[in-house]
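Shared chain: subunit A. Partners: subunit B in the first complex, subunit C in the second.
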Partner chain A sequence: MQNVMFDRIQKEIDNHDVVLFMKGQAAFPQCGFSSLVVQVLSQLGVPFKDINVLEDSELRQGIKDFTNWPTIPQLYVKGEFVGGCDIIREMYESGELQALLQDKGIASAA
Partner chain B sequence: MGMDAKEIETLILDALPDAQVRIEDLRGDGDHYAAYVASPSFAGKTRVQQHQMVYAALRGKMGDALHALAIQTSLPENQ
Partner chain C sequence: MRMSERIKAVIEEGLPSSCVDIVNESDRHIGHAGHDGTGESHFKLEVVCNEFEGLSRVQRQRVIYSLVEQLFDENLHALSMRLLTQAEARLNTKE
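Up next, the complex of A and B:
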């Protein structure tokens, strides 16, 4: 069962440059931590695919197993797990997130 | 549910005996904490790996008994 879920997750992060597994949707985050990452990405003008784990309990657990990371949200850039809320905030404040996005050739309106 | 700060600190120190740990109770509800962990064993590790070490120390309580733990990892000052 897990392989089916892992394949599904892999497909999402392969098919979209920036993917945010979150609680709620980008337009209606349902958790403060998810909302913070949405705001960071919006501030940077970075388009991203939002995936609401609240709609699928198997996905909600599967994503945590996929990265051995116990919390949501989780941000992926070009198929790579970048971090959860704490790390994204730290990287944004230090400018590392902007540098990473540039390195990966992700256009940002900011 | 929830946990108390001492329990979190003990779990982290059990797994990372050389760490300096400070736990901050963000809301006083036993569910929202911040953990500042400095340890030489973080050397050469990415932030994700460092945070995974802290999560591993909590032995599955993260996201279960413990709803929110803001983590900040670093190397000790003298490192």
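Up next, the complex of A and C:
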């Protein structure tokens, strides 16, 4: 059962450069922490795939086990876990997030 | 023991040289899905500890998450963290 979920998560992060596992949708976040990460990515003009963990309780637990990280949101860039809300905010404020996205060749519309 | 005291206690036990500051922010999350009404679910944490030297942000948070793991099985729902070495804390005195 867990393998099926892990395969599904792996496929999402393989198929999309920037994936945000969040509560709610990008257009309607249902948690302040998820909302903050959406705002940062939108501010940077970075297109991303939003995945609402509230729609699927197996995914909600599965992504925590997959990343070995107990909280949501979780941001993946090019298949790599970057962090949750605090880390993304700190990296954005210091410019590290912008540098990372540039390094990974993620085009920004901003 | 209150949740905030338990969080502080497990971190201080796991990282004896650390300085831990914790604020309960649960009342800012009333009505939100993860709020169970106990008032002991959302916390803001600052830990200054030289054990963080050389660790990435993700690695630092994993150290803390591993220490408080069993508390997430109880009421604990969210932990906002600032994790600094002593040198970083001296440079970064905002807030």
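Just so we're on the same page, the second predicted complex is superposed on the first by the 110 of 110 C-alpha atoms of A that agree within 3 Å, B and C clash if a C-alpha of one lies under 4 Å from a C-alpha of the other, contacts with A are read in each partner's own complex, and residues count from 1 in each chain.
To be clear about the criterion, a contact is a pair of C-beta atoms (placed from the backbone, for glycine too) under 8 Å apart; a residue touches a chain by one contact, two chains touch by 3 or more.
Note that this is a predicted model, so its numbers are computed, not measured.
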### Query
Is A:65 in contact with subunit B, with subunit C, with both, or with neither (first, second, both, neither)?
neither
With the two structures laid over each other on chain A, which partner does A:54 touch: subunit B (first), subunit C (second), both, or neither?
-> second
| task | Would you check which partner chain A:81 touches, where first means subunit B only, second means subunit C only, and both and neither mean what they say? | result | both
Partner touching more residues of subunit A, subunit B vs subunit C, is chain C
### Task
Using the touch definition from the top, say if A:23 reaches subunit B (first), subunit C (second), both or neither.
second
Of the partners subunit B and subunit C, which touch A:93 in the superposed model: first, second, both, neither?
neither
Contacts of subunit A common to subunit B and subunit C in the A-superposed view 33, 68-71, 81-87, 90-91
Within their complex, subunit A touches subunit B through residues 33, 64, 68-71, 81-87, 90-91
As the complex stands, subunit B meets subunit A at residues 47-48, 51-52, 55, 60, 62-63, 68, 70-72
In the complex, subunit A touches subunit C at residues 23, 30-33, 54, 68-71, 81-87, 90-91
In the complex, the residues of subunit C that touch subunit A are 29, 32-34, 57-58, 61-62, 65, 69, 72, 78-82
